[in-house]
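Both complexes below contain subunit A, partnered by subunit B and then by subunit C.
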Partner chain A sequence: MSKAGKPKEKSESKDFCCSLCQKTEFKETVTLFHWYTQTSPFPYLLGFTGRTPFELYAEKITLASADRKFLLRILKDTLSGEHQAYLLHEEAHKYQNTFITFEHSWKEFLTDCQGQARLGRIDLELYPVKASVCPPCAIFQIPSFLNCARRIFPSYANENWKNSSLVMELFREQTPLTLKIQVEKPEVESELKRIVLILNNRERLIAVPRKGLALFELPEKVIPVQANLYE
Partner chain B sequence: MNNQNHSPSSISPLQMENLFNQTLTNISSALNDREKVCLIAEFLQSTRPLPANLTYSFHLQLAGLFLYLTANFQPDCCPPEELKIYLSASRYLQSRFVGQLEENLFRESQNNLYFYLALNHFYLGELEEGLTALLSRQEINNETSSPSKQEELEKLKKELTPILPEIRQNAQNNELIVKVLFDHLKKLAGLDQDLDLVMEKWKSFSGWRDDSIYCCLVESSGLLKSAERARIISLESRCRRSTTVESQNLVRFSNLPAFSKEEIYLSATDAMEAADFSINKHFRLTLPPCTLIFSFSEKNFRYSGESLGLPLALIALAQKLLSAESRYHLSFSREAAFTGKIDLTGEIKPIEAEGLGLKIKAAFYSGIKYLVIPASNLKEARSVLFNLLSRHPWRKLELIPARTLEDVLNDSRITLKKIDSYARYLLRKKKFTMRKWLLGFLAAGIVISSFILINRNPSYHFWKIRHPVVLEVHNGNLFARNQERQLLWVYRPSKPIVAESLQQKFEDLDGDGNPEILVSGNYKSDEKLSSEIFCFNNKGEVQWSFRPGKRIQTLTDEFSNHFIINRFEVAAFNQNSPEKKVLIIANHTTWYPSQITLLNSRGEILGEYWQAGRLGRDTLVIEDLDDDGWKEIILAGTNNDFQSACLLVLDPRAIIGCSPSSGNPEFQFKDLPPGKQEYYLLLPRTTINKVMGIRNYVTLVEISRQDRTIDVTTAEYSKEMDCGMKYSFDFNLNPLLSRPADSLIEKIKELVISGLVPPHALTELRSLKDRIRYWDGEALVNHPVRNKKLNF
Partner chain C sequence: MALNYGSAGKSGQIEEEGLAGEKKLLIKFLYLINNNYHEKDLEELIIALVELLLPTIKREAGPYLRLANYQQRDIALITISSLFIKNSDGRFPVLEKLFNWKITEKFLIAGERDFKRYLKKILSRRLKQTFYYLSSEIRPERARIRKEILYSLKKIPDFRINKKNHLTLVNFCPDGDLSQRPEGSAENEYSNLLYLCLNACLGGLQVPRFLKRLAAILREKQMAIEIPLSSLVDLYVETQKNYLLTGLGSIPFASQQEPEQLVNFYENFHKWQSELQEKNALLLNKYIRKNKMTASEKENYLKALNDLILDWYDGGQEKPLLDYLKKYQPDLQSEDYRKEKRKIFEYLVKNSKNFFKNKLQAEA
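So, the complex of A and B:
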């Protein structure tokens, strides 16, 4: 993952660094609350029959949005001790490449195209968990050939970003390849928080844009397929 | 499996979550592992068409439990179709979570599932399918697919195809078919272990047992839930004689769920009554009440119903007969399962059609051969069985309809009746009484035998005075008697002893205060005599024995080993020591050598001296002649070498060698050293003695302690007549006088008058003492002298 953007002055670079370490305040988020459901019965069951518990992935917590459309299931890998989040929604663009943040943590997690995100060894026991999810506000499908600067219109966008567009320019002479993305949105002054470049099913590049501009250093021979905007 | 309809295409995450939670709830209330597996498989199957991202976390969450359960459960009576669904689910999970879960989990799960798939196919007689499942299992274990195995299987199938119909036709049941098949399969390397495992499982459905019986029961899911599945389960029982005075049977179940206890106890009480009724009717027995303890072979088996009645009654019957130690013994086949209600008279009542179907299904998919059902249910049972057979035509399950308990007991396929012989029955039943009688007889026998034994053996006559004072010989045996002439013991020697030869002495040899008994005697023999001396304790036990003589040789002759004890004497030779020694004088039975032997108190030889002539019986005196504290042994007799009477004195410390020799090789002992006698005297022969051509010899040696003289009497003319000389010696063996007996003088006078002897024969008698010769160790001299060779 590479961070892009070139602050020209010292104050700007300082702000940029601070912004990376602070919790991102996404604008369009959905808050998820603890969904009181039956937790895993297996330890009880197996323990009752005198056997050792055999639950490789134990359910730690399930969160749901107020409209019950989002469901975030957090499982714990009992062998490694790591947590995994599974974001469920009927619409694919709501769970694919969606940012997940937790109330008491500055960390942000991005789901993959299956809606899964590795949380690692986070502590979910200390306080009532409240999470926010931020799906992309606009999705742009990137064409296969980027020979010169091109303007692209979103394949999906919410109301605010309907008229937005991207100007993408690939600098082939540079090593590594550099992709310049400039977001153009005439009406709204909303600030973009993240631009995510989806390279394939697994690899994604996240950038913190400054005034709608982001530069991505691309791995060799990899052409991005999609660019998502988050506000 | 239940087919729950879900709409896979239109399901929200929340609905999915709810469905999942519902599944979890069902799993938590599932009866057993098989049901849990079934529920998970259902969930997986129904949600598989849904979008992958939606189901991912739910399937992942259930995968661990599913794999764990399928790797460990034992679905014995499971249709292969059901197992195939589980296998499919396991493979689906493997394809989806291959990187996230350990490979081993999938392998173990499929390993177990394939084994039970094979087993259940074999139960159903589907041999090819069973083999395929076993080979698949092997492939999983080897982690590689082996085309050669498949080829081998194909080849095997080709080989088996022509013979399978014949095997199927000849074999009575699927187990035998499988056995024959397995014999053919031994050549298929790698399957041996699996085949053994299959046969091991099948063994649980073979043999006869009197303490357990297979029941075909519908498992209850709970109070509100309908029954879904029947099981073949083993009901175990043991009977204990009732210790209470109550005249009714007691029933206990060691593992039963609380909600169905009352119903089952009622059913069991009826079954016990039916068993008693049947025992009375069938065996003509009235058995005492007892306590029967039942338990299912599985701890968590939940049952409620009445079809347990028949197996309960049967096992109660067998156990009651067993505990009452009756002649009759019942066992029930492990190839059969039983189900049916029973009334108090042993009549088997029908069961519900729904349960019957489930039971037949359970029996059908297990390894049992017979299912015993109420006769009234036969028609519907056949219908169910027919339906099942349409799917699995090779399964050989026989339905046995029974109207009463009698029908079951009389069917030799499912009931084994043994009747003990009366003798064995009595031995078993009356064993305590018989043991008592036997012990009584044994004790009486022991007492009588003891009386006889004691009476016959005087050694055990404890009431008698145990000190023998005399020994007698009767029929060659030695009889010891006490002072009251009571017989104390009898000793039977190897050969009979001549009564006349008996010599005995009672001496305390070992100084323990109890005198030992020394007895010598000659053995009767057709040939030459021999003798032996015994040392007994007062109980008649031989302490030691000694047989005199040996094969002694001169330079020209060899003497046979036939010596008889002439006399023996016991003495403490050293005045400073209380230890007593035994001196034995033995003469050769026919020839001249005599043996003088000194033994210690333990019968060990201390010294041995050989004399070339016989020694007399009354010519032994033991006396300390030189006052040195050691008693000398004074002996006399005749010397064949010198042809005259002789007198010798031996020191007990030096009893060795042989008497002096004249140099005549005929009398010169071979391999014997010169004798260490203290004195050796040759008494002169008289003229009459010479004229008559006989040897003179000493007949008597006496000692006078007061005068310190030794008086020696010889026989010069005849043994019968007192025609001898008398010599007197002091203790240094100096001759004091020699005097003829009056009868000798008279006889000589007669002979002189008749001219047979010269006149000096009479005059020489006074001077004979001067002609006594002494052996000085080297030669004979005419003056008194001690043996120079003796060092002390």
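So, the complex of A and C:
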């Protein structure tokens, strides 16, 4: 390997590496606690599509925020052994594309547009589980045709990010197509932790920006529809 | 612990003890492809890639081009982070494409040096892309370039600096005769010069070497010029920008190829290299027969040339030609090199470049 860099620079790299591979300390998070209520015998009634027979699923745990506005239900598919999380909130932008993290785990999960996240095969002990959710701090709708660098303003933003904007540039001559996103955030002190690009209902790409910049390689024939920022 | 991830268990991990350097990185790539990694693996991998990329960035960007508010380490991190973009399943689609099973399997049985080369190739290619995406933010240090040009011009014969109507003009007259200047507008003169610079691959050179090489070309073509100093600064900046974005400095080995093609290309490259070595050995035998070289010197030339070719493959010449030869002839003095060896070595280098150029053209 090449020679080591200067200590300050090296620690800078390490910080960036940590933000890429460790659980992020999101600024605007809501903590969810175990909700001591009787679990529903009909999981499909709450945050569940109901397409599969409910006997396949066993409800493991329900978590709620202190103000009871967020509700997170974790179900286990008894056949595959995988867990699914369902996040509920009365406002769509609070449960759609929201990060969920669990205490003691370094992985982070992102809900889809229905508030559902696949947790995979995890050993879930019931007590004590604490989760945090981080909804986007700004949402940008991407125009269907991007032919040159274009500035876009948020369709939703919290107080900190209402004056922010994105400069987007699609490099069509590159294979695969590459989308450059540069975030501009006047007078915002908080650090941007993630940029999520929503390609369609299922596919999303998650980047850790450097100085507000992220480069996304897009899958074939897919044009992104939305970009979300997380602080 | 409330949550344990079964997939990240230790059982699936390969014993890394005894593995060093790039092979260890390859194993980490394998963990990532199998979605069976720990955060430590990811961290080590990213730091290793950044450190591997930094010297290339320093070399490519040179001392005169800055990228807005991005430092060299930022460029490295931006380049690397695009590899580690996750999808909704928590996988790394870009990385998995570059280091798919077929490729990792090939390199698991290949030598460490081969994998290092592949890795450097992938990283340099992505670095070029990063420079391209950030091209609108390139800020040349014009004042510094101008100062260095003025300083260097005074040291090169045939270049003259004149003042005309408050304008600093740079003249180049091979025989002191400005009438050899091609007819046409100043714009045409600038375009012709830019064409000459790009064609002669003057990108990646620092100001003094750039001007020396430009003077040599103009002398060879018996061409006289008279351009404003600011245009000469523009000429230098444009040549360096072009080099940064397209990588003219190195042989453009498979710059736009897919990973699998790159592996195939690598196999071809080995064949070409041995073919070239045989050709060069035959050529050097002629020098031995004429008592211009000993057999051991011939071996040194061939080894040094081999190192240079590998550097071309890895992204470009990394040091002066003398240093390549000095590795195998430690007592070689620069004076002796200039008198006796340089012509031979430069001739070999030129032949080798043409050889690869022809091979690549035939492939295309």
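Here is the rule we go by: the second predicted complex is superposed on the first by the 197 of 231 C-alpha atoms of A that agree within 3 Å, B and C clash if a C-alpha of one lies under 4 Å from a C-alpha of the other, contacts with A are read in each partner's own complex, and residues count from 1 in each chain.
Note that in this section contacts are C-beta pairs under 8 Å (C-beta built on N, C-alpha and C of every residue); 3 or more make two chains touch, one makes a residue touch a chain.
Predicted model, so just to flag it, every value in this text is computed and none were measured.
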{"item": "Which of subunit B and subunit C A:60 touches, first, second, both or neither", "value": "neither"}
{"item": "First, second, both or neither for A:75, with subunit B first and subunit C second", "value": "first"}
{"item": "Which superposed partner A:95 touches (first subunit B, second subunit C, both, neither)", "value": "first"}
{"item": "More subunit A residues in contact [subunit B versus subunit C]", "value": "C"}
{"item": "First (subunit B), second (subunit C), both or neither touched by A:185", "value": "neither"}
{"item": "Which superposed partner A:211 touches (first subunit B, second subunit C, both, neither)", "value": "second"}
{"item": "Partner chain in contact with A:104 - subunit B first, subunit C second, else both or neither", "value": "second"}
{"item": "First, second, both or neither for A:86, with subunit B first and subunit C second", "value": "first"}
{"item": "First (subunit B), second (subunit C), both or neither touched by A:219", "value": "second"}
{"item": "First, second, both or neither for A:120, with subunit B first and subunit C second", "value": "second"}
{"item": "Subunit B-touching residues of subunit A, taken from the complex the two chains share", "value": "35, 37-38, 40-42, 44-45, 49, 54-59, 62, 64, 68-71, 73, 75, 84, 86, 88-90, 95, 113-116"}
{"item": "Partner subunit C, residues of subunit A touching it in the complex", "value": "1-2, 4-5, 9-10, 12-14, 16-18, 20-22, 102-107, 109-110, 112, 118, 120-125, 128-129, 149, 169, 171, 174-175, 178, 180, 202-211, 213-217, 219"}
{"item": "Complex contact set, residues of subunit C against subunit A", "value": "1-7, 21, 39, 42-43, 46-48, 50-52, 54-55, 69-70, 73-74, 76-78, 81-82, 84-90, 93-94, 129-130, 132-133, 136, 256"}
{"item": "Subunit B residues within the subunit A interface of the complex", "value": "12-14, 16-17, 21, 24-25, 27-28, 36, 52-54, 56-58, 60-61, 63-65, 68, 101, 300"}
